[in-house]
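Both of the next two complexes hold chain A, though its partner changes from chain B to chain C.
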Partner chain A sequence: MYEFDWSSIPGALPFLWEGMKISLEITLTAVIIGIVWGTLLAMMRLSSVKPLSLFAAGYVNLFRAVPLVMVLLWFFLIVPKFIEQLFGLQPGTDLRLTSAMIGFALFESAYYSEIIRAGIQSVPKGQMAACSALGMTYGQAMRLVILPQAFRNMVPLLLTQAIILFQDTSLVYVSALADFFGAAYKVGDRDGRLVELLLFAGAVYFVICFAASTVVKRLQKKFHPA
Partner chain B sequence: MIQISHVSKNYGAFDVLKDCSTTVQKGEVVVVCGPSGSGKSTLIKCVNGLEPFQSGEIIVDGTSVGDPKTNLSKLRSRVGMVFQHFELFPHMSITENLAIAQVKVLGRKQEEAMDKGLKLLDRVGLKAHAHKFPGQLSGGQQQRVAIARALAMDPICMLFDEPTSALDPEMINEVLDVMTELAQEGMTMMCVTHEMGFAKRVANRVIFMDHGRIVEDDSKEAFFANPRSERAQQFLAKILHH
Partner chain C sequence: MNYQWHWGVFLQPSASGDDTYLGWMLSGLKMTIALSLSAWVLALALGALVGVLRTAPNKWLSGLATAYVELFRNIPLLVQLFIWYFVLPELLPESIGNAYKQSNPMLQQFLASMICLALFTSARVAEQIRAGINSLPKGQKNAGLALGFTLPQTYRFVILPMAFRLVVPPLTSEFLNIFKNSAVCSTIGLLELAAQGRQLVDYTAQPYESFIAVTVAYLLINVTVMFLMRKVEHRVAVPGYLGGK
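And then the complex of A and B:
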């Protein structure tokens, strides 16, 4: 019978917290860049300019058709070299966090753009007509009228995607980056208490994501009481 | 003010507008009627370029709408339009709805725009609702706000696209009253509507459309007294007996 020994956890908390900060940092960066770039992609995809809509469609389909782990590995292998050359950094500078952030951001943009595209399409067509009739340009109409309404409809979906993203950050273990999951793994490995540490990490992910989902559900009720 | 000459439009093989020509003089009120699917809404949306057309020409106050060199946004800012479904911006208060285009399109100061908006809101009898949101108003009230929003831009003419079709019967008159008042003040108006009572009261001319063609274009007296086409006679017989 396996005997649990949780004693290595309290001492490792500061290290685990450092890991959690990295997980949150990646999530936050990817969500922000993902929403901004995803919005641009969605607008390109809905645009009547063919090259733009083809580019956006290609981008979205490409990223949605490859596994996230693979994208992360590509960026882990390629981006550091690229950035080193671009900024003339010493070879071997630790760019794992940066490349993970870029990888996640570009990957998540594809998913966000699909959510945002649906959001834009959920705004009645007459709203755009009304903006045009008042003399607004396409950009003004989008910024002042269409996107604010689209985002209001989309908030729950965007947050849900952020929660999934937070869980997915654990995949950065492929680049040996000590995010929360990676940190837990390292501590468990060091103390020979892998099972306890992974159970603990799982519990922490569960609590955070479950709490966040509950908040999203509340928000959903507030925005769409029905 | 508005000259429409030989305008045609098709969606593939389907002709929506066939060789439509008419004019609206300054200060004139022209009612466009006809059975649904006759192209009347499409025609009025061509006037401010919301719908593109393949051939013909529309000149509004000396500017050609179909010309690719025309600054359509600028032209539209001078032509007011009221829609069937109001299309107020639901995420903004009534005052913001009234002010936003004045500020962003005409470059007026926020205060000036607010003032103007409130004056017009008073004129359509809704001053008390200034701080509400569109969703808190009835359909008739929303449509009156929409008219005020269009008027806030100091338009040279107004286009109405079935402004009362989405309203409950008891709210139709409050909107028609505002429109009647506007017509009596000399506003140039082109109205797509089924409200023949309104047409009889305030229109100078009535245009009757069927299958994308302008079938009749006559003074209201002539149109209501003896419509020439059989289609218009049938239409009037059906509508006026209600």
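And then the complex of A and C:
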């Protein structure tokens, strides 16, 4: 039978915490940019200007059809070259974190935009008509009337997507960036304790995501009492 | 940027000599499809079972099913994959574990990937099935029971035939997801599409062509699956419901 030996975990905690900070950093940037850019995409998609709605539809469908692993590989290939040229950086500067953040943000925007589009469409049509009747411009109507209501309906879905995103950040493993999972793997590999470290990583992800999704369920009940 | 495009690279003989680089890609495509389809069949069967159990009146059964769903939904796919691939063989009884570790490495990678994708997806399928069952009017179940069906009979003859038809559209997106998620299996060395793409980059030094080809292959899979599922959706749509005839 396998003999467990958890002794390498306590000493590795500071290193694992550094990794967790990277995971959270990527999650946070991707959520913020994802919601902002996703809102713009959703508005473009619903707009009556054909080129805008076509662009948004193409963007969203492209990103949703390609595996995240592929998108990350693309960004690790392209972004460093692009940024190096743009800012005249030394080739070989470590841009993996920046690439990961940009990759996740652009990828998740596609998913956020679909949530937000559904949220905007869930606001009754009369609201927009009322705004026009009051003499508001399209921008004012969106900003002051439609989006606040839409976002209120969407909060649970947006948070659920953030939890999924947090889980997905483990995929930066493909670039050997030491996020929480990458850090756990490195420690396990170094100490020959991969079994314990992988189980530990799984348990930590489970506790965080389960707790977060429980909170989201509570929020949902509060916003939409059955 | 002065990048030398060279699309002809796919027709050149590969480093292994007996194949072209296009052949590598096609073998990766085959692996992705074989893995995703086999995992999907398992995920459907398991997901249907767990989804039904979640609606069961027995607290223990539904609790067990809920725990199953929460477990597989709250751990990242990559971590689950590594646990199946690296951890499980260690925890097996020694004789079985050793025999397994001495088997063909490709078989080990494929089995771990298939089990991982199947269980991961089954939790999501279960949620869809449960939502489908719960979306049926209560009267259907009551009518079944009033006619003297036992509860299992009510499920078999009344609820499930309806629920399975209603959940086809949401299952389409899970079906698409399993193909996309299969790319994660490149991390344990399974030579599916994404892994072949990375290998192509290393061997041909033509990263853009390699990645574009792989991305297009995923897009094609996506379009094909959507086309086929549209047909299925159309066939099974329940008249009278949105999307029905």
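One rule holds for everything that comes next: the second predicted complex is superposed on the first by the 226 of 226 C-alpha atoms of A that agree within 3 Å, B and C clash if a C-alpha of one lies under 4 Å from a C-alpha of the other, contacts with A are read in each partner's own complex, and residues count from 1 in each chain.
Note that in this section a residue touches a chain if its C-beta (ideal position, glycine included) is under 8 Å from a C-beta of that chain, and two chains touch if they have at least 3 such contacts.
Everything numeric in this text was worked out from a predicted model, so none of it was measured.
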Task: Partner chain(s) touched by A:Gln85 [first = chain B, second = chain C, both, neither] - done: second
- [ ] Give one of first, second, both or neither to describe whether A:Ala130 is in contact with chain B, with chain C, with both, or with none.
- [x] first
- [ ] May I ask you to decide whether A:Pro10 touches chain B, chain C, both, or neither, giving the answer as first, second, both or neither?
- [x] neither
Task: Which partner reaches more residues of chain A (counting touched residues only), chain B or chain C - done: C
Open item on the list: Tell me the contact category for A:Gly139 with respect to chain B and chain C: first, second, both or neither.
Closed with: neither
Task: Touched partner set for A:Pro148, first chain B, second chain C, both or neither - done: first
TODO: Sort out for me which residues of chain A touch chain C in the complex.
DONE: 1-2, 62, 65-70, 73-74, 77, 81, 85, 167-168, 170-171, 173-174, 181, 185, 194-195, 198-199, 201-202, 205-206, 209-210, 213
Open item on the list: Could you list, by residue number, the parts of chain A that touch chain B in their complex?
Closed with: 124, 126-127, 129-130, 132-137, 140, 144-145, 148-149, 152
Task: chain C residues touching chain A - in the complex, by the definition given at the top - done: 1, 70-71, 73-80, 82-83, 86-87, 90-91, 93-94, 176, 179-184, 186-187, 194, 197-198, 201, 207-208, 211, 214-215, 218-219, 222-223
TODO: Over in the complex, which chain B residues touch chain A? Could you list them?
DONE: 45, 48, 50, 72-81, 83, 85, 87-91, 100-101, 104-106, 149-150, 153
